[in-house]
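The following pair of complexes shares a single chain, subunit A, combined with subunit B in the former and subunit C in the latter.
The block that comes next holds the complex of A and B.
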């Protein structure tokens, strides 16, 4: 399919493109993605800049992208994609970059809490087959050490019947754990 | 037609009132929902952030179980679940290799031909045909319908006709006798999954939404997603701090709003479970003349 890959050495950019079927050179830097991004004020690399960095392939660009905070702040709201005149699926690029950043241990220290939350969430699903909000909260607090956060919400949530103390579970939780394990194994054992 | 139902995790916990009000409205119109037996979590933002295969395998398991149960339509009342399940259906329908790989992970076969309905699509398809005979109240208030991201984007799975100015929820609110308003933040993001890990960002994003609704004279904000509800309602103290303004517009689930117009009591619809008091909304209601 991609004959050109036989002639050029594989680069980080070509790996991204191949993995998700997006062509980064399609972007002509109009900047609509950044203009509409709800998190542009918080990001260290703007969405259009991220694509520009991938396009230019300057030395050290892989490191720069994988250790950025932006890739973890992206909410995958897809405002960028829906307004992109070239239909570059940036949220898919972001998904791929996050996974690669995690795999290569390059996660930006400021994204620690965000990552802790995602991990605690998946851990709860792995154990129960469903999310247990109370379990998630405790797990997240232990991982992030934000122990006192939202503590004041607990009594009111309990009073409103919004807290399930015990988890709801699927009939056979082993079945869910097996799906997690198969996927982990197929990736060479690292999650 | 047997209508399947995927509650999702939030509707069994923090957003129980969304579940209860949906069932109350369906019951009033004699519509039965069949829960997908042994459904599991869709994986939400966590799975697609950390592992693409897992983000497909978890919703695929639920899709396969729904097919096995013989369900044709599935109602998914959470925007995040809707996005994950409809997105998975879209991806495995368009890629045979991905489909085979995912079937291997879940040990179940898939055809992916069930139809996924949002709550407002469900209301329009199954409740609207008989709703007029049940509506006894006029909500009589200006309502800002908030759609957020995941019903409107990406376009491949959008549940609305116009992605920048959707009207589907507005139509439901008009039916309930409210006046849906034109406003600027209908499809902006509330901050969704960062609610716990970056509450500061959620306060900023959700604050802009609340502020615009207030500036345009909304008396209620209507949502169809438990995450949006949590951010706009439960996070109001953080939002007030961010805006340095006290805005007390209540946030209703669309099924609660429609339920009120059908004369279902407020506590049965779970209006007492909200953080921002909802009595102002209830006080606006006027009885329709027979």
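The block that comes next holds the complex of A and C.
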């Protein structure tokens, strides 16, 4: 449902709306998303403001959003969506903005580690069809160079059998590769 | 032989600027059956009407077509003119060449041609017209008022004071409705019961008002001026003729732990009870599902023993009475969503998260805390209260998209009352917009903010949870760059959404009135008929139509009452004869209707009855449909459904419609 975009020139906002089927004008700026966001303290642009920036389309808004830290902090926990009176699926907006930020090389410098994790996580899923914790950890640490981060968690994870050396793969890894290829193609060849 | 006159109106320049009116008049004059045609500057003016009257007389016209504005505008005017000239007024038709032609097309030959086409169809129609006569129905000059809140009370008093009889039906043991529960009222802060209770007493003592409390409307049939209503009188178990309201019974009743509805569950009442001290009538009823005598098979019986008037009657049964009324006013009010509706605010499990009506009871001098604002969990006076506006309202995700309208004002009032009683206390209001568009309303909200130092924060509350005996309210200040605001409150008041009365839908179905998807009753027209329903003779008052505050409910109630009084101003109702009729034929057919009654199924007004056609010996010959002209609104749905064209709409018959179409096709 994005009637408003059909008869107008394509803008960044209309691209976001087209791509994910969310209408940003549905947001009436009550702020309930921000109020309940578990990461609101860390964010540089609050969730409701992010939508406001998209709504208002003032000069330079695309740059402002794509280089924000908030889009990388979003956990996609959907607390905002579950309480939103207007049912705006904010996590989907965030997800799109992350991919777009990456594609346009606009990633906020403070999001470096998050991005490393983001890539390592997707890589692990791409290779195995599911998460391989040890592979993810090694990949992330090499990318971020945060070699000692969270090492103290290792013993308890090992005790729970969470640290398998070799990955378990899903049966049909070809299908997984297809899914990744399809998404990569649709997003202009960059993951 | 038909002799039709055609009168083309210029409507100043409204029509003549785009339509060549002289040409239309000239061509219309050549149509078959047209004996006279003319154009004139203002047909609706006195000289214009005189022109029509003179032409009918002079040219011995049998019917006229006035090509002018919409029939909604001047059909009545021209029909009267036709009648003055001595022909049946239903031989006058209008061709709408203003709204349908000149106002919507540019000046051109095609526009003039369209005007002529419309004139031609109406000439074809009027030739098929028949003389019709207004339908007269008698009026029962008694009104039924359903609901005894402030809207019902106002409507009842207005009608009764105009000299007509009123029957009021109230579901609860006392009249008074929600207004009797309120503490003070905005924007003047006058005590609700102080202004309400005199009105309640006036109802009880008015010679023209018959009050039935603890009663419900069981069924309604009939039509405007002539409704038949069955009222269910629930068994009160107390003989009101004997009862003096002394109170001995409820003082002695051993079932003392029943949640008190009047105090919104924040206090207790007994099984035999009168809901509040100022109740009207101030006589008790027995709440049978909670009474030991009824639940434990005859044990107890204490109230009967202590009653000095011997008024207790355990054997009383529900009774039904039948009444005839001419008009019905529905004033069944609203319900409020309760705190348990909100998962994010704790599903109602936090005792100190309450709704607005509960706060009213806490602030009320007649409430469970005698007017001291103490929180329900431990009775402490809260040091910090958070008020949450729009709780459930304007929330599409919760199915309530509309604004509940009254919450902005009562929240400001609540915060103000709290501050007046606790000068050291802190009051916060989370809001999205402040809607205070009434007389002295915005000033009232400003007073809360400026004088009483109520802290207004623009943002919606995401979640409320308990921590160390405090209620943590997680909100946001969207006017401070979306800064998260967490408040440790002692009590939270949710301004919960106004919703339709839980029994609204079933009542609407009994009354055959329409309602919207939220079960609020629908008015006949949102602007021009805001108090009437689509069913003639049934009016709306108060919050059963939509969320309303007291001044608005009272205004609407008086408006409804004036409609009822207007209806009662004559002994007979005159209705347009534009109604459906089932045909009549000579015996042995009597009618071509086969009695399949498909028409009855589709009729939105329940206007189709069955008629038994009998011979002289009383033997049934056939059963056919019959239209109740009092109920029929002339929509024509039955005509479309009838399989053998036995039913037809007067004034818009199949024959007339077909003639119009043929006139267009055979241009």
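The criterion applied here is as follows: the second predicted complex is superposed on the first by the 156 of 191 C-alpha atoms of A that agree within 3 Å, B and C clash if a C-alpha of one lies under 4 Å from a C-alpha of the other, contacts with A are read in each partner's own complex, and residues count from 1 in each chain.
Heads up, the rule we're going with is that a residue touches a chain if its C-beta (ideal position, glycine included) is under 8 Å from a C-beta of that chain, and two chains touch if they have at least 3 such contacts.
Please read these numbers as outputs of a predicted model, since none were measured by experiment.
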| What is the contact status of A:142 with respect to subunit B (first) and subunit C (second): first, second, both, or neither? | neither
| query | Does subunit B (first) or subunit C (second) touch A:151, or do both, or does neither? | reply | neither
| message | Quick one: is A:35 in contact with subunit B, with subunit C, with both, or with neither? Answer first, second, both or neither. | response | second
| query | Between subunit B (first) and subunit C (second), which, if any, makes contact with A:118: first, second, both or neither? | reply | first
| note | Larger residue footprint on subunit A, choosing between subunit B and subunit C, goes to B
| After lining up the shared chain so the two structures overlap, which partner does A:77 touch, if you call subunit B first and subunit C second: first, second, both or neither? | first
| request: Considering only the touch criterion stated at the top, classify A:177 as touching first (subunit B), second (subunit C), both, or neither. | output: neither
| request: Return first, second, both or neither, reflecting whether A:129 touches subunit B, subunit C, both chains, or no partner chain. | output: first
| task | Starting from the residues of subunit A touching subunit B, keep only those that also touch subunit C in the other complex, and list them. | result | 41, 79
| note | In the complex, subunit A touches subunit B at residues 38-39, 41-42, 73, 75-79, 81-82, 89, 91, 95-96, 98-99, 102, 113-114, 116-119, 121-122, 125, 129-133, 137, 140, 144, 149-150, 153, 156-157, 160-164, 168, 170-171, 176, 178-180, 182-183, 186-187, 191
| note | Listed in rising order, the residues of subunit B that touch subunit A in the complex are 9-10, 12-16, 38-41, 43-54, 57-58, 61, 104-107, 149-150, 152-155, 163, 188-189, 191-194, 196-199, 201, 204-205, 234, 272-273, 275
| query | Where on subunit C does subunit A make contact in their complex? | reply | 344, 390, 394-398, 432, 458-463, 474-478, 481-485
| message | For the complex, give me every residue of subunit A touching subunit C. | response | 28-37, 40-41, 46-49, 79, 83-87
